[in-house]
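First subunit A sits with subunit B, and in the next complex the same chain sits with subunit C.
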Partner chain A sequence: MRKLPFTFLLLIFGGVGVANPAELRVPPMVTAGNTFSIATSGRGEADFYLVGPGHVARQKIRLGEEIRIAGTDVRISGRYLAILRSAEGNTSAAFFVSAETPASLSFLAHPSRVPVGESQGIGAVAFPLDKFRNLVLQPVDVRFELQAKDAPPVSLVVQTKSGVAWTPMDSSRKAGVALLTAAVNGFRSTRVIQQVAATPCGLRVKAQRTARGLLVETDPVRDCLGNPVPDGTIVSFTIIGRKGKSTVDAPIKRGVASTQIPDPGAASISVASSVVIGNEIRVGEGQ
Partner chain B sequence: MSRLPLVVLIATVALLAMGLVRPTQLGTTVGLASGSALPGMLHASTTPEDAVRSLFDDVRRRDFNRAYSQVANSSDVALAAFTRDLTGTHGSLKTYSGLESFETQLMHATDDDALVRVRLHWATAVGAIYEMRDLKVVREGQTWKVVWPAPSEPKVPPQVVPVTYLRWDVINRGPEDDWGTQNVDAPRVRIISMSAADNRNGVVVLGEIVNEDTVPAFVDVNATLLDAQGNPLAQESSFDKISHTLLPAGVSPYRIDFPGMKLDRVKSVRMDAKALLVPASADPVIAILNQRLDTAPQGKQVLRGELVNQSGQVVNISQVLATYYDNNGKVIWVSSGYVDQALLPQMPQPFQLEIPEDIAARVQTYRVVVNHYNSGQS
Partner chain C sequence: MKLRLAPLCALILISAAIGTITIPATLRAATDTSAPKVKLDTSLMGPRAIEDITHKNIIRDYGLAWQTMARALAENQRDLLENGYLVGFAKERLTQALEDQVKIGVRVSYSHGVHNLQGIFYSPDGSAMELRDTAQVHIQVLDGNRVVHNEQATLRFIVLMTPGADRWQVRYLQAVP
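This part shows the complex of A and B:
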């Protein structure tokens, strides 16, 4: 009677040893899209499940043989779970699938329009992606290059951290289209940045009498760096004469803003654009 | 059963006979247009006011033939010109309006002539428009007739107006593009002034907004009134008290009305300016000439001026927006009004905006901008 507990324990442990499920030996890291094998132990048949981000696969396998995982089953990077279900019990093992080498970029450039001469006015952010559109988390070098018209290109190399490379850049002093490029592993992605003139500087108005009245016109409207202010920018003329105040909001066309109004006689004429105020002139009666 | 057709026949004949003998209960004869004038059947106006009322009653019914028959100077004013004067031309706001009501007031009268002031209330596509006309009325025998002022129909001399056409078109990112693909940014706009004030109708939020970008913007300004706990009391938008399309460097006033609200309940105001990149044209340019503060015949303070369309195309509907500033340069009021006539090229078109009495005394300076709407154009 005293041997009974010992025998019982022996049976239990012995039983566990007999019912021990098959083992899975997964590789610690797998590259996306690559075919690989998972070794198993045990005997008999089993169901194998592979559960990954956005993909689940199932196959019948023979225990003790290697399970061949096709590259198409591991195209998405992330954590995968390999599960074995057999008569001896269930077992599972996790492994990671990492992205392949960069094959493309998601590239964000902001803003699409930036005033000239703005320090750190442009933001460039690049996400290197492999051929399966997985984010490449391993550090890689991304080359950013800003190419403006009539200016030497500005470039710098930034290493990705957690799959992202970003840098601020200065806009150039010359207005016009600039091409901002991000390149990795020979793959390039380009964005267009419109570098636009800043607010008008030294806004000046002049007036002359014509057969149709008074022609009021600005000098060519430029910003403080000498860039022409874009056509379409509103310039406000204010003419104060005997009959009251006359105003015209005229767009810049071909670099100047102008308007023709009936002759107001003696008048003072001022000019402004948005919150920028220009000069003021006076015209005399019939002058 | 066999007597039924006979009964029906007798009843039909009886009803027909009654219809011929007894007059109809309807005011008009079916089949004739309502209110059509029949020769010799016109209502004879026995007083000057009666004559004006009768004429505008017909205008309200859009019976312009009958209204015209009450015009004394028909030799000076053709029926077509009279009708155009009342119905508008060139797709103007008046072409989308109808006379809702009117009031008359006898200003002066003798045995043979009189002056009658009529206040007209037009219902239009953009709300009510009020118009005032002083009409001379003359006696012709036993009746009074209205002397209709000969409408001055501006004629544009044939000419070529050279226009350097400037327009922005927008190509946006397509739905099939990658999320990282660059899109064009929304325009950068900024509220440059804002103040809240009490007025007799409630609370108003006033200010100005500027387009600081190099592309046109469609702007809208919303305001939320918050109480002391930060809870929203009311939310409104600027609706049509703003120039929605702002070209680069363009400045627009805005006014947001909160009817029935009291300023002492309001702790703060949350502003929200929305801007969308839209296709737009830089034309037409509309000059606002001879702006001046004036006193209207009723004693009200008004801002008058003339709009001149400097392009070569007709502007169908125009809206005038005026910003009034006090001596500190603060915006104290924003008023707006629609011009009911179309703006023909190069032709001055007068406008007048009423200024509230309590504001008029504080106005130091003002600024006027014009919105325009053309049918079939963006």
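This part shows the complex of A and C:
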């Protein structure tokens, strides 16, 4: 009789402790968008919850039967929780959804304007995505190709690591539009890169008297590879004469920069653009 | 016999009592929506070297992104996502999950230990950064006020962040095995 309270307590608390909630058997990994089933044990009804990164759902299910998970419920890759709530208690299991095969790319190309002949001047970065826009973390090959006008294409294949492939590329020697393409699994994404002349090379100035004073202008301004430096690039003319020093900035128009100045008398005129210094000429009365 | 039974009964009663104490404690933890502690290791990150200010901002903004996400999910408040710490895919997916949660009356609560970020990739032009996060999190799933799932887990995430006007933004966040 004395043992009764102890036995009673053990039955109550022990009974609670050994209650067997229904079991869930989930696959450890599922591919995004694929329909699959989760096996359950037990009898009776239960609430089933599916909690994922972009989808949360609840449904009534019968224990002991399989739960069919539609592909549309697991389109987003990540970690999912399958939870059962039944009269016997709650039970849960986690599984992962991985990306499908690549179907598109997030492609970054930088910069949009690059000087010609620049070693590793272009950066190409690609993130392969599946048809549900999940990042594809399995290694895949991405082909980068730079196609410039009048030049053979330059291409290379880079394997993704942790979902990203990147490569530096040299700009070509000719100014103009270049197409930078990244391709994976038959999908291509293209960016336009404007390759512009580098800094001027062999910058030369000349002067000519006119009725209004002195016309100072450059020869056609080109970079060291012979590409015309773009219109709008600023060229500075510096005039040192009896009245002191003055500087005139002029943009390149149709390949040359020019300015009209009052006759300075005897003076020296030099030319510069960016960090490049050109020649110096002397002008004087009677010239 | 009474003397022998007393400690056992006391033990059982204490165990039962702990059970009742534990529930509010876990609930309290799950509703903790302060910014989590974030550590960032960039020793293996490249090709661009991370700037000091960027290092600090990533730590701050990633923590605030998690705080935003945890609050939005715990309180079922979509408008919290408008603060700009989550954008693109990350925001879209979270918005969809919140819509589902609101529809069925379920909430997911996260509380955090430490988020250990490991830099993987920082693009040459500084326009994208990929990181791996190993985080200790406490997850609760609540249907109404009933806890249906309670879990302490170490989770790993792949994170893609991009710079915005005044902050780094989480653009992609995915748990990985």
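Miscellaneous remarks
Operating definition for what follows: the second predicted complex is superposed on the first by the 267 of 287 C-alpha atoms of A that agree within 3 Å, B and C clash if a C-alpha of one lies under 4 Å from a C-alpha of the other, contacts with A are read in each partner's own complex, and residues count from 1 in each chain.
Keep in mind that, in the parts below, a contact is a pair of C-beta atoms (placed from the backbone, for glycine too) under 8 Å apart; a residue touches a chain by one contact, two chains touch by 3 or more.
Not measured: the values here are computed from a predicted model.
With both structures placed on the common chain, the touch criterion links A:K243 to subunit B but leaves subunit C unconnected. In the superposed pair of complexes, A:F127 makes contact with subunit B and with subunit C alike. Contacts of A:A207 after superposition: neither subunit B nor subunit C is touched. In the overlay built on the shared chain, the residue A:I38 is in contact with neither subunit B nor subunit C.
When the two structures are aligned on the shared chain, A:G54 is found in touch with subunit C, with no touch to subunit B. In the superposition on chain A, A:N90 makes contact with subunit C only, not with subunit B. By the touch criterion stated above, A:L135 is placed in contact with subunit C alone, subunit B being left untouched. After overlaying the two complexes on the shared chain, residue contacts for A:L108 are found with subunit B and with subunit C alike. After overlaying the two complexes on the shared chain, residue contacts for A:I76 are found with subunit C alone; subunit B is out of touch. Counting contacts by the rule stated earlier, residues 108, 110-111, 127 of subunit A appear in both its interface with subunit B and its interface with subunit C. Looking at the complex, you find that subunit A touches subunit C at residues 2-3, 5-6, 9, 13, 28-29, 47, 49, 51-58, 76-79, 81, 83, 85, 90, 92, 94, 96, 108, 110-111, 123, 125, 127, 133-135, 137, 161-164, 166, 168. Interface residues of subunit B facing subunit A in the complex, by the touch rule stated above, are 164, 166, 168, 178-180, 182-185, 192, 210-216, 247-251, 282-283, 285, 287-292, 305, 308, 310, 367-369. Interface residues of subunit A facing subunit B in the complex, by the touch rule stated above, are 105-113, 127, 191-192, 194, 196-197, 199, 230-236, 243-251, 253-254, 259-262, 273-275.
Listing the residues of subunit C that touch subunit A in their complex gives 1-2, 5, 8-9, 12, 15-16, 47, 89, 92-94, 96-97, 100-101, 104, 106, 108, 120-121, 123-125, 127-128, 130, 132, 139, 141, 143, 148-149, 151, 153, 155, 158, 160, 172-177.
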